[in-house]
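Structures incoming, each one as structure tokens.
Next, two complexes with chain A in common: one pairs it with chain B, the other with chain C.
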Partner chain A sequence: MNKILLFAGLQEKAGKAELQLEAVNKSIKEVKELLKDSYQLEEIDTSMAAVNEEYANGDFVVKEGDTIAFIPPVSGG
Partner chain B sequence: MAERYSRQERFAPIGKEGQALLAEKHVLIVGAGALGSANAEMLARAGIGRITIIDRDYIEWSNLARQQLYTEEDAASSRAKAKAAEARLKAINSTINVEGIAEEFDPENAELLLKDVDILIDGTDNFNTRFIINDAACKYKIPWIYGGCVKSDGISLSILPGQTPCLQCLIDQLPQDIETCETAGIIGPAVQVTAAYQTAECLKFLTGHSMSTHLVSFDVWGRQYSSIDVVKLKDPHCASCSDDAQFPYLKKEKGIRTAVLCGRNTVQVRPGRKENVNLERLAQRIEPFAGEARVNEVLLRFHMEEKRFVVFKDGRTLIHGVEDVQEAKKLYHRYVEA
Partner chain C sequence: MSNKFWISEKALDIQEVVDLVTRREAGAINTFIGTVREFTKGKRTLLLEYQAYVPMAEKKLAQIGEEIKEKWPDTDTAIAHRIGRLDITDIAVVIAVSTPHRADSYDASRYAIERIKEIVPIWKKEYWENGEEWIGDQKEQKAYPKGQPDEEDLT
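Let's look at the complex of A and B:
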């Protein structure tokens, strides 16, 4: 099982900041697709992913217990 | 006056040596909204020798809840942010040099503005301008500090061209349909925390310390926090920061240019080249049709066809109450250019 953390705009869209997802052996790209389908998170395409606070690219494969954070760019100022 | 910076000098990583360095440095702040104001005030108080702050907008009542340099009087007179910021910063610290420029940061003026600048602080509210900043900073090898905030969220990253990933490495396409302060709201604390990270990084850099390679992201209301090392994101083929960079956002456009200011029901129209509009004369011409037309130090505002026009001296015009670019161009030709 994996913990998913959603930041900024993603959080509001999904209605929660944190969720549990079975993502073991899936790539970050696949996790993004999964979240896009289940929560209509279109913005996840332009969001950065971090696994256990380290940047992870689309090919990174998730392991049991990994925490994955998705951080969209923030524009206001 | 020797007392002035004593507490900051007592902070070991800065010390008297660091303070002396700060007095010799030049910081350019692009945008004088919430982040620009907060950064500028901290940097002016910290004794940065020279601060240049550029902004294309003017002060409205909806700015006062978080844009700390401005007053009710500024909003009532639609004062240009750059000019009001300059006056306030000079009042805060009369021993430093401050210049406010009421223009847009664009590919035309970027080179001149970055001349002699040690570091650039991002106080903008849109990615179009940030990508221009990024390309200019990469081209002239000036470090810059990205900051963004909306709702109770904030994000910041220091970018050292050639050494750390740039904005283009991080985000390979312009984010669309992004939340803005106008549509999703914003609270002061999100501004303050974001600006605090930016100013701290700026002070580190200016006093000879390394900046962080981590992107910091937080929600000051929900108490969420994340700090991610992004150094691996540096793209060796990046269009903006690699050896064969083309700086796509520095290409100069020709003719009339328009930009939709997202979430504000406003279109900006710019003439093909900067002009020197006689605002008084334009006001006299427009007044019989528009009713009251008001001029202040850098801009003219009037109402026409239920739209609100704000014309700057260089011809740049904000038309409020319109979102369609073609309609805005028509209005511009009809009332401003004629």
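Let's look at the complex of A and C:
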């Protein structure tokens, strides 16, 4: 099982900040597609992903217990 | 986690950040203070809300400190970023960089704020008189043509 974290506009659109998903052996790209379909999160295409608090690319394959965060374009400062 | 890089829900104390980089070897301390602006392209902002992925944001702030150390040896950096609801003129970010000589302190401070806008997972939501929106930086300045920063920008 994996913990998925959503932020900013993604979080608002999905109506939740956190969810559980069985994503083991899926790539980040596949997880994005899954979430896009389940929550109508088109914006996830322009979001980065982080696995266990480090940026990961679309080919990264998820392992059991990984926390995956989707990070829309940032706007701090 | 170094205690020189943090996300805060409380008002930032500029002096606290400056004190963290004050040292005998330094001949300059450059301080950048980012504040909440009322007007952006003629549009009036009423207030801002900042959100962060706190543990990762603090790691990425610390990473910026490490990058600065590599680019400008003998530099010491501290960065604090506020989250939550901020009013106009409130302080959103404080960066302090101390260096032996002044030129490096300006360059490193500038580098820090630009990197924050690239790699640190912090978002702001603008509230206007007629609406609200999460701001993605691609709408302001930097586009991610591939949907994300280049690999080399991140690591």
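Simple rule for what comes next: the second predicted complex is superposed on the first by the 73 of 77 C-alpha atoms of A that agree within 3 Å, B and C clash if a C-alpha of one lies under 4 Å from a C-alpha of the other, contacts with A are read in each partner's own complex, and residues count from 1 in each chain.
Criterion: a residue touches a chain if its C-beta (ideal position, glycine included) is under 8 Å from a C-beta of that chain, and two chains touch if they have at least 3 such contacts.
Remember, it's a predicted structure, so these values are computed and weren't measured experimentally.
Chemist: Could you say whether A:Tyr55 touches chain B, chain C, both of them, or neither, answering first, second, both or neither?
Modeler: both
Chemist: Based on the superposed arrangement, let me know which partner A:Leu5 touches: chain B (first), chain C (second), both, or neither?
Modeler: both
Chemist: Counting only touches as set out at the top, which of chain B and chain C does A:Pro73 meet: first, second, both, neither?
Modeler: both
Chemist: Please write out, lowest number first, the residues of chain A touched by both chain B and chain C across the two complexes.
Modeler: 5, 7-9, 11-12, 46, 48, 50, 53-55, 69, 71-77
Chemist: Could you please specify the touching residues of chain B with respect to chain A in the complex?
Modeler: 31, 33-36, 122-127, 130, 147-151, 153-155, 170-171, 173, 175-181, 184, 186, 194, 215, 217, 219, 222, 224, 226-230, 232-233
Chemist: Any idea which chain A residues touch chain C in the complex?
Modeler: Residues of chain A touching chain C: 5, 7-9, 11-12, 45-48, 50, 53-55, 57, 69, 71-77.
Chemist: Which of the residues in chain C come into contact with chain A in the complex?
Modeler: Residue positions touching the partner: 34, 50-53, 55-57, 59, 81, 92-93, 113, 116-125, 134-140, 144, 147-149, 151, 154-155.
Chemist: Which residues of chain A touch chain B once you look at their complex with the stated criterion?
Modeler: Residues 5, 7-9, 11-12, 17, 42-43, 46, 48, 50, 53-55, 69, 71-77 of chain A touch chain B in their complex.
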